[in-house]
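Only one structure is covered here, and it is reproduced in the block below.
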């Protein structure tokens, strides 16, 4: 019995997963840096933003098992916080005259806007979550979608504060790769830390066996709410950074398109695995990029080979279906990436360990 | 009196559209536990079969020129065929997958259909003149309403009655109802799973085609994203109706249509733009108070 | 941190390499080659290519041939930013961006931050210019409010319309712009009244409730100001007529074209402002000649008036470059801002240091009668819409 | 003396009465048996006592305090634990984590929960299984894990839903010993639902017999053993009852 009491702490046993994932992200960043191409750099920035979104989504969806169609609403909230807090006061006065005075005068750096975006989104996640987390299954999914649609409808029409459907420009553009890399790595570590926390463990137990979890003293709505707020914060920060990556926000950017992209990446990667969330982004994004290059045309010898327009999307859809056919639980299933020699094959469903 | 009747007709015709959509979603959900996101794209595809593939701004009419008694069955058959094909090619391989996986697979399939249409027809919305005689106003009980609205309502009621008696009276319908309630049990009892599922897909596809015909003649437009909105509303109706309950889906569809129309009527001008926020707020309220849906399908509540 | 600086330095070097290249003049198109914006971008871009070909045939610009580089925005904002960077890295001297403000802005912002001129192919929001993207950004089209104001004043003066109904599709900024112009003009028309207003959404499957409200009026309004765009416009028009409402319908330029008229057979009493006529009846014969040239180059007639701004854009930019004697941004912008009623094939164009857009323009009025569109009149609003009113 | 009490509890499902005016009391350190034929309403009563089912009429009280209406997780925090017929272990998690989940569910940190879980596995006698994935365990071990999980945080009451189903005589005897220790060493009040009537008669201080949702007999084992009512209503024939009694008694 002696070895039992000397188990390494959960954090030590599972730390390899976020480290490997961070290393992967760093590798992507170095490739982009080495290439020196600005469009490619921007592509990798996009990938990092997707990583933030999908990891944020994973925190809730992966641990609770409840599919959320609503998380992009938090990205929207965060994106507009970036607009409210970083655009020059004069420009804000023109595009969003209804802002309160203190906000109108505010001009903060991008990282502070990301934090504020995360906090604002977390606050609304708490408000919405307090109502929605009592629901389960598909009713919960639809309720989260209704939340997204509500946020979208409000932001698309609240002329004086969000400039309605019009693009709000003037957000300082940040075209350097590293802040996005840092943010993506932070998101990965935040998700990992949540997963191994007691709240994460309780929520995963409730996901697999809700009845027994309730009989174990777990307050399921509360456990879900905690995950909802944390993932809302990550999405909010990601939404703010997204605004800085292209320099503008519109409600439309944060709606169905992004919702389905992020959900697809999560499910294809493996819904209940942090590694799956990150790999889903990296693999699908790389695939999309490769198809785009093909579509733009590449020279093979003297002939140019190019795919006709639309083929890229069709191919993407077909590949997604094929992956799900052969791996219905996603590329990673519920496994995590770990050191190949690592012990600890005793805890699946928890980052850092394999079955 | 006339204006009240008018609102009732407006609500009923929009509700009909959502109810038909919800029925198409609920049928497949019943037998497969699949939320079919490709449904909206099947609707769009059904409109485009009327046109000859071309990327020009002007639509080249193809089947759209047929007389109505050929055109309607043709479109219904195309919808059913496309839907069944999606079952055979894709969904059959997902019978044992979890709902999230199926949902994303259906979304990916919808994506493929949409971009296939884009390749053939371009993304530019095209105008079509579908059943133009329906665009005439008629007078009913003091309300002057477009003939199409009346036909939409009548068709929906007809479809509901037809489907009900089909499910009640025929052996096939019985099998389908049994499967919707408890698929594993139904299989044990000898229900032919493939046949039932294909039947559900065929019916669902035909319903999508019916929506396509209504939408097409109402809006005069063929647009590759035209099914998305109805699909979303139908999906919501299916859930608040009680997943798996066909009657619930229909009732909820009508309810959603009514909420949307009534909001448009009663909200002050400044708030009207926020109509959808109110509609979705109402959806959340319904879910909070009836998380199992308006009509709970038997066997969906988990037992301890 | 050092690495961050290194990257910054590296990207700046790249940028200046592009600026320093003086042997050629490059027009960069960061426009949609796929996705739904393609339908709007391609015709305007084709028209721009025609003007570029004309200039090159006539000996080029500043004695150099104009080269073209393309990057696809895929009708996606994030891709738009990338496309902007791509054409800038390929040495573009001017970045031409998508027709729509929302979809063109990301690429225009990259141009702005690289100190380059950006030109929207046909955006009609004031933000597609100084007030939004920045001091080096222009649009080749006319502001949407001018369209709404033009139609209101013309209908009042020429058609004796007195009672107006305002039906707004809140989907886009463009739609709201049309109604803003209408709102600006209406109070200036003595004894004209707004008898009601309503909103809808472009994607609404049915606008029956909105129609019921119109029918609830004691009298059918003389004119309905319909602020919407494709594809919802067809649906709204069809449903209005199907409900038996026969008021004249006033629109923005977004509904120009005959390609959709089959959906509303025998449409009448329907009016649209256009910069030039695609129907072969433009009062300016050169427009008809351009239409022929367009057909020769692309194999089809222009399908809407949004083809024309692309031609105007290259035209005015090339003139400014010629006058400045350089493609250097500040000099070209200065020359553009000197243009006052500069004649172009599609009406005079004015740019000032306050506004890189047209707040007054000559419009042809196209009436559709029994399903046949044709030019019936031309109208220029009596005074430019003040910038302050445009910024509301 | 503290007790868990069902006070005239009735439950109706869509007009059907699953329980009618059932009275039942479990006190600290006491082992109460709940027996009755299939469909008698035993599990429904456990569900009522643990918050999974709200009684249509009547109430559940703990030391005189009314509990009905509270959610299961709150009742668990008040010290009322249960096991399930189907086991309902967290199948993908290792055994130790199954226990740990209850620890964190009760508000412990993971570190504290792991420490208690390890001690608890030792106490229940299944420490070597700690790293096994719960879903791969044999039947008997599953029951012990479930009991261990329910004992985390030292509940005041433990409701066991058919813990001995499918066990051999020896296994059932080991289980009996464990249940005695739970009542004796932990001072936990135990409510035992069991089909193995012999085990119940042998182990319990007090027995309640349910039939068709109503209490038909209650009293010490000797009284139940001799009750004609029970014999008649519950077993149908006398011979069936004797078998298990003899088996365990031997």
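The letters A, B, C and D name the chains in turn, as written, and every chain counts its residues from 1.
What we mean here is this: contacts are C-beta pairs under 8 Å (C-beta built on N, C-alpha and C of every residue); 3 or more make two chains touch, one makes a residue touch a chain.
If you're wondering where the values come from, they're calculated on a predicted model, not measured in any experiment.
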State the smallest step count from subunit C to subunit D, taking one step as a move to a touching chain. 2
Set A-B beside A-C; more C-beta pairs touch across A-B
Quick one: which chain's Cα centre is the longest way from subunit D's? C
By CA centroids, point me to the most central chain in this structure. A
Mean-CA-position distance for subunit B and subunit A (Å): 31
In angstrom, rounded to a whole number, how far apart do the mean CA points of subunit B and subunit C lie? 36
With chain centres taken as the means of their Cα atoms, state the distance from subunit B to subunit D in Å. 49
Junction residues of subunit C - those touching two or more other chains: 34, 170
Contacts with two or more other chains occur in subunit B at residues 228, 273, 275-276, 304
Residues of subunit A that touch two or more other chains sit at 157, 211, 309-310
Write out the stretch or stretches of subunit D touching subunit A in their complex. 50, 52, 71-74, 76-77, 81-82, 84, 88-94, 96-97, 100-102, 104-111, 113-115, 118, 122, 127, 130-131, 133, 149-150, 152-153
What does subunit B use to touch subunit C in their complex? 3, 6-7, 9-10, 13-14, 17, 56-59, 61, 122-129, 132, 134-137, 144-149, 215, 218-221, 223, 226, 228-230, 260-261, 264-265, 269, 272-273, 275-276
Flag every residue of subunit A that touches subunit B in the complex, lowest number first. 67, 131-132, 134-136, 138-139, 141-143, 145-147, 149-150, 152-154, 157, 211, 256, 260, 263-264, 267-268, 271, 308-311, 313-314, 316-318, 320-321, 324-325, 328-330
Using the touch rule from the top, collect the residues of subunit A that touch subunit C in their complex. 33, 36-39, 41-43, 46, 94-95, 156-157, 164-167, 169-170, 173, 175-178, 245-248, 250, 252-253, 292, 295-296, 309-310
Of all residues in subunit C, those that touch subunit B in their complex: 34-36, 38-39, 75, 170, 197-199, 201, 203-206, 208-210, 212-213, 215-216, 230-231, 234-235, 238-239, 241-244, 257-265, 300, 303-304
